[in-house]
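Order as written gives the chain letters A, B, C, D, E and F; numbering starts at 1 within each chain.
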Amino acid sequence: VPLSPETRRLLAQIGIPTLANALLKRGLRNQVMQDVHLAVPGVPRMVGEAYTLRFIPAREDIDTMAAYASPQHKQRRAIEECPAGHVLVIDSRGDARAAAAGDLLIGRLKARGCAGIVTDGGYRDMAGVMAVGLPAFQRRPAPPASPIVHHPEDLDVAIGCGGVAVYPRDVIVGDIDGVVVIPAHLADEVAAEAYETMRYEEFAEAMIAAGRSIYGLFPPTPESRQEYDAWRLARGD
Amino acid sequence: VPLSPETRRLLAQIGIPTLANALLKRGLRNQVMQDVHLAVPGVPRMVGEAYTLRFIPAREDIDTMAAYASPQHKQRRAIEECPAGHVLVIDSRGDARAAAAGDLLIGRLKARGCAGIVTDGGYRDMAGVMAVGLPAFQRRPAPPASPIVHHPEDLDVAIGCGGVAVYPRDVIVGDIDGVVVIPAHLADEVAAEAYETMRYEEFAEAMIAAGRSIYGLFPPTPESRQEYDAWRLARGD
Amino acid sequence: VPLSPETRRLLAQIGIPTLANALLKRGLRNQVMQDVHLAVPGVPRMVGEAYTLRFIPAREDIDTMAAYASPQHKQRRAIEECPAGHVLVIDSRGDARAAAAGDLLIGRLKARGCAGIVTDGGYRDMAGVMAVGLPAFQRRPAPPASPIVHHPEDLDVAIGCGGVAVYPRDVIVGDIDGVVVIPAHLADEVAAEAYETMRYEEFAEAMIAAGRSIYGLFPPTPESRQEYDAWRLARGD
Amino acid sequence: VPLSPETRRLLAQIGIPTLANALLKRGLRNQVMQDVHLAVPGVPRMVGEAYTLRFIPAREDIDTMAAYASPQHKQRRAIEECPAGHVLVIDSRGDARAAAAGDLLIGRLKARGCAGIVTDGGYRDMAGVMAVGLPAFQRRPAPPASPIVHHPEDLDVAIGCGGVAVYPRDVIVGDIDGVVVIPAHLADEVAAEAYETMRYEEFAEAMIAAGRSIYGLFPPTPESRQEYDAWRLARGD
Amino acid sequence: VPLSPETRRLLAQIGIPTLANALLKRGLRNQVMQDVHLAVPGVPRMVGEAYTLRFIPAREDIDTMAAYASPQHKQRRAIEECPAGHVLVIDSRGDARAAAAGDLLIGRLKARGCAGIVTDGGYRDMAGVMAVGLPAFQRRPAPPASPIVHHPEDLDVAIGCGGVAVYPRDVIVGDIDGVVVIPAHLADEVAAEAYETMRYEEFAEAMIAAGRSIYGLFPPTPESRQEYDAWRLARGD
Amino acid sequence: VPLSPETRRLLAQIGIPTLANALLKRGLRNQVMQDVHLAVPGVPRMVGEAYTLRFIPAREDIDTMAAYASPQHKQRRAIEECPAGHVLVIDSRGDARAAAAGDLLIGRLKARGCAGIVTDGGYRDMAGVMAVGLPAFQRRPAPPASPIVHHPEDLDVAIGCGGVAVYPRDVIVGDIDGVVVIPAHLADEVAAEAYETMRYEEFAEAMIAAGRSIYGLFPPTPESRQEYDAWRLARGD
């Protein structure tokens, strides 16, 4: 089943840690990519289903510039075939010595209506990438050309990225905190539950700013939940 | 003896490298945390005495969500017991795979009048942390929940953080350069001496901008110090 | 032969990845420094010939504060002798535990008309460094004093920096993507060729933003080059 | 309760992976130290209860040679106070730049009847350490003197070592595979269960050497367990 | 085409560096795995065609002990399906926090006539692995159970291992120096050429031991090749 | 002044940690190379003066196989020019992706009467290196050809190796613990003092093996020194 518009709408409002907590309650401890960061300051939170590209190490006789120009080249196919609303997730094996993509390819992803791009390697043309404005997440900038280090081997298979398993159609959410991977079958329930948590945390944040102790407030207690209900009621939302 | 208001006032004006140099003159070569960075752009320089929290690795049967909710949980106690004007320094063993704290806890620290928070791991809810505005220093953002990796074991004992020994009541100063640890008994003399160095460096900076060589100016010579005295006098400060 | 004003003018307009590609065509795969980043947001692209400083590890009986004050100290000589229009490139052996330079020295470099400073270690006094405004590239900030870790051993010899060979007079170009090293004898031809590539990429970027596929556009084909010529003609540039 | 002689006897026969599996069945996924290796080839498997020493980073004015000579120095006290039959586990924060101990101290541990020594740092005098013959586990050899990097701060508190929580009295088992930490309250049941697994694996190993497939053999099935019972019976043990 | 017996026979006599040099002459600079070491001292040189297993990170709801027991589990299928004479090469993403295989599985590989096993992660039950005696190469021992970190996703696809591209049927050679990957279509010519180089190096080694300079001897010159021919003739081989 | 035969004789009997301690007493805290290990098990302790070779990163147009064959190539010159009794110390910038030397070159060093070879990178042809039997120290084996990563730039200049400054003629001592660098002007006094310490430690070791506490024995006290004198006397040496 595709990601529902309602779940997408909810996820766009929820921070990565709140989603990670909802996954942790379900026994999933390792769903946040490690050392993968937002590269385009100020963009809205990214939400979309995963479409993947798997790199392996390059070999000089295979990864030539001629191969790169071919329409069958899988990095290029990934850019043209990642469905609208999806996030292209690239397994760079954590290696940022050469680029996973650059501003022209990322511009094309945006023009095609994709939701974002994620890798545990890096991008080149960072000024251009920021100008494009598509949410992009990486380890660090990587100016050298992709074929120096990476060979695109597979499209839309299960991969690892930032130490996390990513299966095609998993739901990827990213913001200034990083990137979380939500297994597809859990997206609706995690979104709904985390949304409620998030709303409670707005209340907790207001209480804390007003001088209240975290005891009895965070994590919530039955009493603090009642208070929260009253607070919500009083605010009319 | 607590940190004097005068020393606090001076330290708030002095950069980390100048303080590190004053410590180096006293034979202390390793007082600047390695790879610990300001996470909240634009906040004023942080100054305060160290109150510490020591994490050890988590164990699944001990570090449950139920334990986390207890008022005896030492991470929570650290937030409620760190004295006003102090800096909470957390030994995360350099591990940023899970959070040392998040925006609600850091918000409470701020509401309680604490001076800042430092760890060699990371924080979650970075948008919230920036909104709180308390000076916060970390290795990198860490969205997963704390109990996945960390168990809070001790309050206010001597710890390591960023490769530096931190004893309770040491004076912690942090800015865009990073974080320096000043042993408590040296705080007054280091502050006084470094303040004078800093004022000389303002003079040197002006001279350099005006085209003068660093020779005979930096480090200072008896002649350049005389010039500096005249320059100060001429500026009336 | 010194760097020609025309080549300098061209290079100031070309991104690091485009230059790296022109070098790759010539068989040079390893000319972009790894994990060396722009430290002064917003400065124009840096272009200049390399003047180098080689650090080795410090030894306590040699690297004293007295030695540091001497006009024969090679770090200080590097600052006073790096020619105008050149970039000072410092081999810190990738070690950012202590500073390669600070704001006063970098201020002097700027006053002397140098083009920038690069190291695979770090700088201290980052607020001052940003105020100076000279393009500066580093691994991460490094507040401790240089002699704690580094001994300046040689001026203007071939070095490694960020994993790349840097020979004196190589042309160094740096921007938000990082730093590329162009062998001196290739600077003119690489600049000319990359400038043309860059202009084509402006066209490709416009086409992609308008919804066109990357196939047949990037990398260029004979047909797309004709289109490009027409596009340029139509724009009158 | 102290470690029973029977459990100690069983554990001395069981490999680290088999123990790790029994812990995994109980939800404990992180009980094997990472990158901590046997330093004394050929010694028997080490088994003993944990007695701990916690290092923090050294500070030059505290960690002098005079302090090192004091009978109150906690590294020295650890050597003299670790109970017979126990394993001294030292938290070196993963730092092998200076020694956690040397051959004389390890020789004294052996003379006192201790079972072994473990650290995530390193030892000095490796020829002497091998001559002593006490089981010793480390990251890598570390010849520099301890006070250059380490300050002994606490005795017999909960620590981290090799990324694993170690509580005093946890049972430590080490062999050529590495070191596993068994929570004290689980030692008896884990030993008993893992011992049975180990005996089954001897059967499986013999079957595999005889050409049988791993399917239906490993992991065991009800049928293969029956076969195993018959095999044991036939062997008379 | 399968690996010919003659090429297999030659490769079994040639060291990794000599093979790497023959590949370098053909423009292939990155065919030796990084930080992958022989784990079984004293075994003969390993030669065989690559059969691959690709791991991705584990997920707790998928990588259960029940899944592990299934005959469809791909790690188990790899052990039972890797053809005789082949080397099982496992992409562990460089992660040795949990095992890629253990002594029972490796014992089965040996019983099935496979030539060896290679991973950029690690193995468990090292005493058992050494007892089995199959050539095994790894980063470091990894006692925890595989499903804690690894999920077996694909059989016999192109992978990365130790930073090198490995395509099914590439020829894998391993000894005390490490592991080299020879593209299948180059195996015959590389083996033949490297064999001759190796024989010349025996001559060079004898000359050097007898006191001769490396100049004019290594690399070979036309004159030294003539000498070599005479030397071979005189030795009658 | 060259290394005296007497000092060489003493140093050949003293362990690395004892030498490091004598240097530490003189304020030199960083004279032991980090992560540089003995590669040839069982060789006697290495002692000799440093002759150095400095590598920088390779560049494809400079570091060709033709350049490698030239008698002017500095790696080859290092092998032919390192004086007898000296240790060749190679600065590989900690990079073991390609070899610093192989068995033929190391064989030539031995034939020329050199005392050993040290690098913070690695060697190729490890079976051959062990057969040669010259003491050799490295990070890890490195089978790829040197010119893939390294360019030999300088002979017998001050370098860094394993994080330690090495000046030509410094005295290099290496054994199973690692490698220590003794500044040339301190060699005689350090050797004499450390030799006495070593003899005392033989006494301490015997006492400890006999059941005595480390208190009052290690470090020595005036009383224990008297006992030691008596013990030496009684043993007649």
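In this text, contacts are C-beta pairs under 8 Å (C-beta built on N, C-alpha and C of every residue); 3 or more make two chains touch, one makes a residue touch a chain.
Predicted model only: the values in this text are computed from it and were never measured.
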item	value
Neighbouring chains common to subunit B and subunit C, by label	A
Chain at maximum distance from subunit B, centres defined as averaged CA atoms	E
Angular offset of subunit A relative to subunit D [C-alpha, multiple of 5 degrees]	180
Farthest chain relative to subunit C (centres taken as mean CA coordinates)	D
Mean-CA-position distance for subunit E and subunit B (Å)	50
Centre-to-centre distance between subunit B and subunit A (centres being mean Cα positions), rounded to whole Å	32
Computed distance of Cα centres, subunit F from subunit C, in Å	37
Residue list for subunit A, restricted to those that touch at least two other chains	29
Touch relationships between chains, expressed as pairs	A-B, A-C, A-E, B-C, B-D, C-F, D-E, D-F, E-F
Complex interface listing, subunit F residues touching subunit E	65, 68-69, 71, 76, 79-80, 96-97, 99, 102-105, 107-108, 111, 124-128, 140-141, 143-145, 148
Residue ranges of subunit E touching subunit A (in the complex, touch as defined)	26-31, 56-62, 93-95, 151, 153-154, 157-160, 163-165, 183
In the complex with subunit C, residue positions of subunit B that touch it	15-17, 20-21, 24-25, 29, 32, 34-35, 37, 175-178, 180, 201, 204-205, 208-211, 213-215, 218-219
